[in-house]
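Step one of this worksheet: look at the structure below.
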Amino acid sequence: MAHQMCMVCLDDFENFAAKHLNKKAFDYYRSGANQEQTLRENIEAFRRLKLRPRFLRNVSCRDLSTTILGQPISFPVGVAPTAMQKMAHPDGEVATARAAAAVGTVMTLSTIATSSIEEVAEANPNGLRWFQLYIYRDRKVTEELVRRAEKAEYRALVLTVDTPVFGLRLADARNKFSLPRHLRMANFEKLDIKSNRVQEAEKESGLNEYAASLFDPSITWKDLSWLKRITKLPLVVKGILTAEDAMLALEHGASAILVSNHGARQLDGVPASVEVLPEIVQAVYGRCEIYLDGGVRTGTDVLKALALGARAVFVGRPLLWGLAYNGEQGAIQVLQILKKELDLAMALAGCCRISDITSALVVKSTFYSKL
Amino acid sequence: MAHQMCMVCLDDFENFAAKHLNKKAFDYYRSGANQEQTLRENIEAFRRLKLRPRFLRNVSCRDLSTTILGQPISFPVGVAPTAMQKMAHPDGEVATARAAAAVGTVMTLSTIATSSIEEVAEANPNGLRWFQLYIYRDRKVTEELVRRAEKAEYRALVLTVDTPVFGLRLADARNKFSLPRHLRMANFEKLDIKSNRVQEAEKESGLNEYAASLFDPSITWKDLSWLKRITKLPLVVKGILTAEDAMLALEHGASAILVSNHGARQLDGVPASVEVLPEIVQAVYGRCEIYLDGGVRTGTDVLKALALGARAVFVGRPLLWGLAYNGEQGAIQVLQILKKELDLAMALAGCCRISDITSALVVKSTFYSKL
Amino acid sequence: MAHQMCMVCLDDFENFAAKHLNKKAFDYYRSGANQEQTLRENIEAFRRLKLRPRFLRNVSCRDLSTTILGQPISFPVGVAPTAMQKMAHPDGEVATARAAAAVGTVMTLSTIATSSIEEVAEANPNGLRWFQLYIYRDRKVTEELVRRAEKAEYRALVLTVDTPVFGLRLADARNKFSLPRHLRMANFEKLDIKSNRVQEAEKESGLNEYAASLFDPSITWKDLSWLKRITKLPLVVKGILTAEDAMLALEHGASAILVSNHGARQLDGVPASVEVLPEIVQAVYGRCEIYLDGGVRTGTDVLKALALGARAVFVGRPLLWGLAYNGEQGAIQVLQILKKELDLAMALAGCCRISDITSALVVKSTFYSKL
Amino acid sequence: MAHQMCMVCLDDFENFAAKHLNKKAFDYYRSGANQEQTLRENIEAFRRLKLRPRFLRNVSCRDLSTTILGQPISFPVGVAPTAMQKMAHPDGEVATARAAAAVGTVMTLSTIATSSIEEVAEANPNGLRWFQLYIYRDRKVTEELVRRAEKAEYRALVLTVDTPVFGLRLADARNKFSLPRHLRMANFEKLDIKSNRVQEAEKESGLNEYAASLFDPSITWKDLSWLKRITKLPLVVKGILTAEDAMLALEHGASAILVSNHGARQLDGVPASVEVLPEIVQAVYGRCEIYLDGGVRTGTDVLKALALGARAVFVGRPLLWGLAYNGEQGAIQVLQILKKELDLAMALAGCCRISDITSALVVKSTFYSKL
């Protein structure tokens, strides 16, 4: 699927995917929950933030590198976990992992990936890998996943807390979405058919049935403590949207919080993740690392999130569009564009290092209406 | 009119009705007053409310049941009174009543229904029924309606206070709307032709002439007291839009207040009902039940209204679209979708019971611009 | 030009005119200055005002009558002065005057009308007439106009202060607008050709050249005093947009202030007239009557303006669309629709008399975002 | 390229250029950086400012003249430096310079112009000329430019501080923009090919490569001091967007500050320049002159900027559209339209002299929502 188009920004990749991916897959990737209010907000909320660039600061040498949980990455943008990437490209998660390694950042593998924990580790032996965890009703399944992630040298567990059940994405319901027959939930290959397939449901999306029957909606903060007990891997709590839950995450031993609304795919009507970032930054007050995902599409989006206090951001869909465009190479291109855009944005804003990006760099657009 | 389409949200039913109902009926059902500013606002105001979901709360068992005026309902969404439902489907109000009973919620029958008080009661013997009252110039007509509702075991009277005359809906005026010849205002079968027919008017809508000649525009709060005297049925005052009127309703013995702008069909330019809900909740301060209708289209809309203090919400047009789609079955589908959406929204917001839905769950979107 | 269409609101008349008037005339009537920011605002600002209706108030008898400058009118909507009405219909201002009389309200005749002061007086002998004054460089011309208005029993002079020169309306410039050859500025029939014709200009609109050469841009508040000296007619100062100028108008003897931005035809970028109304009402503090024009299109617009403190409102363009539709009858229809809409709006808001319309009836939409 | 169209406002010239310029050139001129958020904002922010006009002030004689850095100009609108004007018209910067002189205002020549410092000076011997400076890695190149500007009697140096590297304009990247082969960076004719050509880049815009290889991204406020040392010409610091940088500019000897976001071509997501103007005016507190560019398209835009404290404004793209329309004559037309619009706006706002334009004339639109 290599192409000779002129891809100059991330939206070009989405447009490509819209034209070339099969509809079921594209819809699954693109959709937000219900009326997609939050999906639009994730993009628009960034537009309401305004940058206050500073000049004449010698920006000849920029250094975009930073660390997350102590591990170095070449720039503060990681790959968010997204399910079933082989629908975008036969190489799926393996391609994504290689792309992340190629540009020097972290790849987060989803529990419900179409490539297994081990395959991805092999494909990306030196890259930084995190494993995203959904907790299954059968705790042995969960524990087994943790063990395999440890063994395959994933460096953190990303516990997604916003998904006791799956949100309703209308297009998937209309399409009666299911995982194409030739694909498997690769982390469950050896398990029963129930957990390694997403079958066609009678009504709505097969994925909703999958999650409803397998995920455990009864988990509480105590399960975080349980996880902490069974593994030494640092825990990133993904999906926090309130200061209150951020405090609870801290109390229960989270090493980091990933502010996220799951790409607007769970509860429609929640604010953009970047809108809630400030209240969480304020509550956490430096006691753990804070990341953000949702709607990051340009270098200036990254700059804004960092200025508001995120240590790094993650991107979900753009990688899928990159895969759809050209597998590993496409995914690399996506990450490189973001990196270059961030580099340029930093230069134009007067920042040489990530630590130069402070809260003085960003204001809400309402700031100016008060002047 | 049964169909094999994929109906995944309430808007699908409206789209179906737009295509399949005859224009006069569809326009009558859909329209708001004048420029339809408020009609749009009823939808948009919900979009400006943002949910603050909480996670890791064990949402494995959800219970959506609640009570209204002491009567149990299976979920906090009732059927608002809408006139002349037989234009949507030959079974009209009878189908709606059966649908409400089927999903375990209340059906409110309009005074100007095309099925009579008794027909609806027979069709829905075990269901919870309320009767919506317009006060006719001839008080004996009104009293007779009350007696019949009592006898047929309706459990509350819903006095609509926002309709001394009917609002002006432009499409009806253009269409010279009248009730199709084969239909009757069924509650007035035995009365004179004037009250059981909506005849074609020379100019504008026949319904406006109907209301102008029959409804009593001179009623005041004293008539509420009169009603209280002549019946033991609890009184729900429907159409309140200010804290001031809410206080008066309380003073005059209302058992509940239904915050409503009549689906934006009366005075154009009034706020969305959900916008005024907070000032009324504050004024009433728990002294009576408060409901809301207007623009409720999704489970998250229900969640937002409840978080702002409504005990239950009502839906009007969606039931008409359900009828148009497939009579009783269509109406059931509409209610079930809402129920399922609310159930899902509660799970995703960390709520297991209706009582878990508190004001902490919702903020105005301006909340975030101040952070 | 009588028609059998269904005209149910004022916009229907504009749509008719857009299709049937010749382009030069329609453009001249419709346009606002430059980018038409204010033209849009005049409409949108009304939408941002929300009504707080009160119920159960016995609205069986409504009385819309009021007085302006002591003269009774049947409802608080007058006819604003608009120039050259014969382009809309051969009967021009005469038809408008008869229409105003027919519905019992005031007609304001423009200085640059295509029917003369005397013709209009004759056509509308018992109607209330006001005369709008532009001050010409030649003060004798101005004084002569005042004398003729006095003699023809016009009851007030409306001094337009926002037009030292004409604003730039792009469409007129493109069309090289001029008064059609068969028409005359009827108040200057006996004068030189310069003042009774609007000739084709080489560039832009002939009207701009007309005003530039004839109107006096040097007038100041002293000229108001001069006017007060030469006539006993009460002075309405038209075009005030700030509290500061309202105070000056009061000091210089204005009997009334007409808050107006000249239908958005002068300085583009000024606020909607209804936006500035509150600051002027506050400053004037009841010391003179305050009217408003600009963007009034529905009964609820009237209600809002009155609730904010206007004693009456005026409408400009809608009368032109009425004329275009059907001369005097069309103009009557326009006024009757507004009257009926206001009557209905009052009933639905709980107001029986104009004095029932108080500031409690209206809030800005931001009111609710603060609750 | 002379034409007989009816050009009545600046947008007409852009529309003409959109149709008649070759796509690469038009895109280069029109584009803003990345998603063009700021490009839209530059226009919209003016719309959010509202004028408060005053009347009856004798506006018969208007005088639009003012001074900048002590030099008289006929109206407070200057020509901003824009690169490579020969793509718009063969006469390029020479035509622009003549146009500026013809209407009596300042022309700012870009470092990367297609006409040289000397050519422009010759073409416009009596006009006021400023020279815009980019600092090249090779300081001798820079110093040489300064010397030539001094010798050719340019009256100020405009140091652009917002361009350590060029921003990313997507259309240029797609078009692989380069300077057409027959054109040269005329100020570098005698230098190496690297600095006088913009060659086709392999990826993206050749201009970005040009700037990256030649401009010095390491410059700091010290280089301002260095410039001050090597020349007596007053320094205008162009591109300031924060009060903080305005203070630094003052400290380092700036004679004037040009508030600008480079026509939204550098860092996307910065506020409109007119949004930041107030904070800079406040910080500078009269200690140096302040100008503004970005999105000025009408006379009322000029009025608003001046009311907020700018001494003059500059326009970039409109001159390019004027050139494209009709070379020098087109550029003159553009400036004359702006002048006439400003003259009219002043008359309609009650201002006779530039000094009559005070902060009382303008408010944010939010001003009225608080009344």
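For the reader, a short list of remarks on this structure follows.
Letters A, B, C and D mark the chains as written, and numbering starts fresh at 1 in each.
Following the convention adopted for this analysis, a residue touches a chain if its C-beta (ideal position, glycine included) is under 8 Å from a C-beta of that chain, and two chains touch if they have at least 3 such contacts.
Note that the structure is a prediction, hence the values are computed from the model and not measured.
In a homomeric contact, the two copies may use the same or different surfaces; for chain A and chain B, under half of the interface residue numbers are shared, pointing to different surfaces. Relative to chain D, the chain whose mean Cα position lies farthest away is B.
Remark: chain A and chain B have CA centroids separated by 42 Å (rounded to whole angstrom).
Centres computed as Cα averages put chain A at a distance of 59 Å from chain C. Shown for chain C are the residues in touch with two or more other chains, of which there are none. Chain pairs that touch one another, listed by label: A-B, A-D, B-C, C-D. Residues of chain A touching chain D in their complex: 6, 8-9, 46-47, 49-60, 298-300, 303-304, 341, 344-345, 347-349, 360, 365, 368-369, 371. If you check the complex, the residues on chain D that touch chain A are 34-35, 37, 48, 161-162, 164-165, 167-168, 170, 173-174, 176, 204, 216-221, 223-224, 239-242, 244-245, 248, 266-271, 275-276, 278-279, 282, 364, 366.
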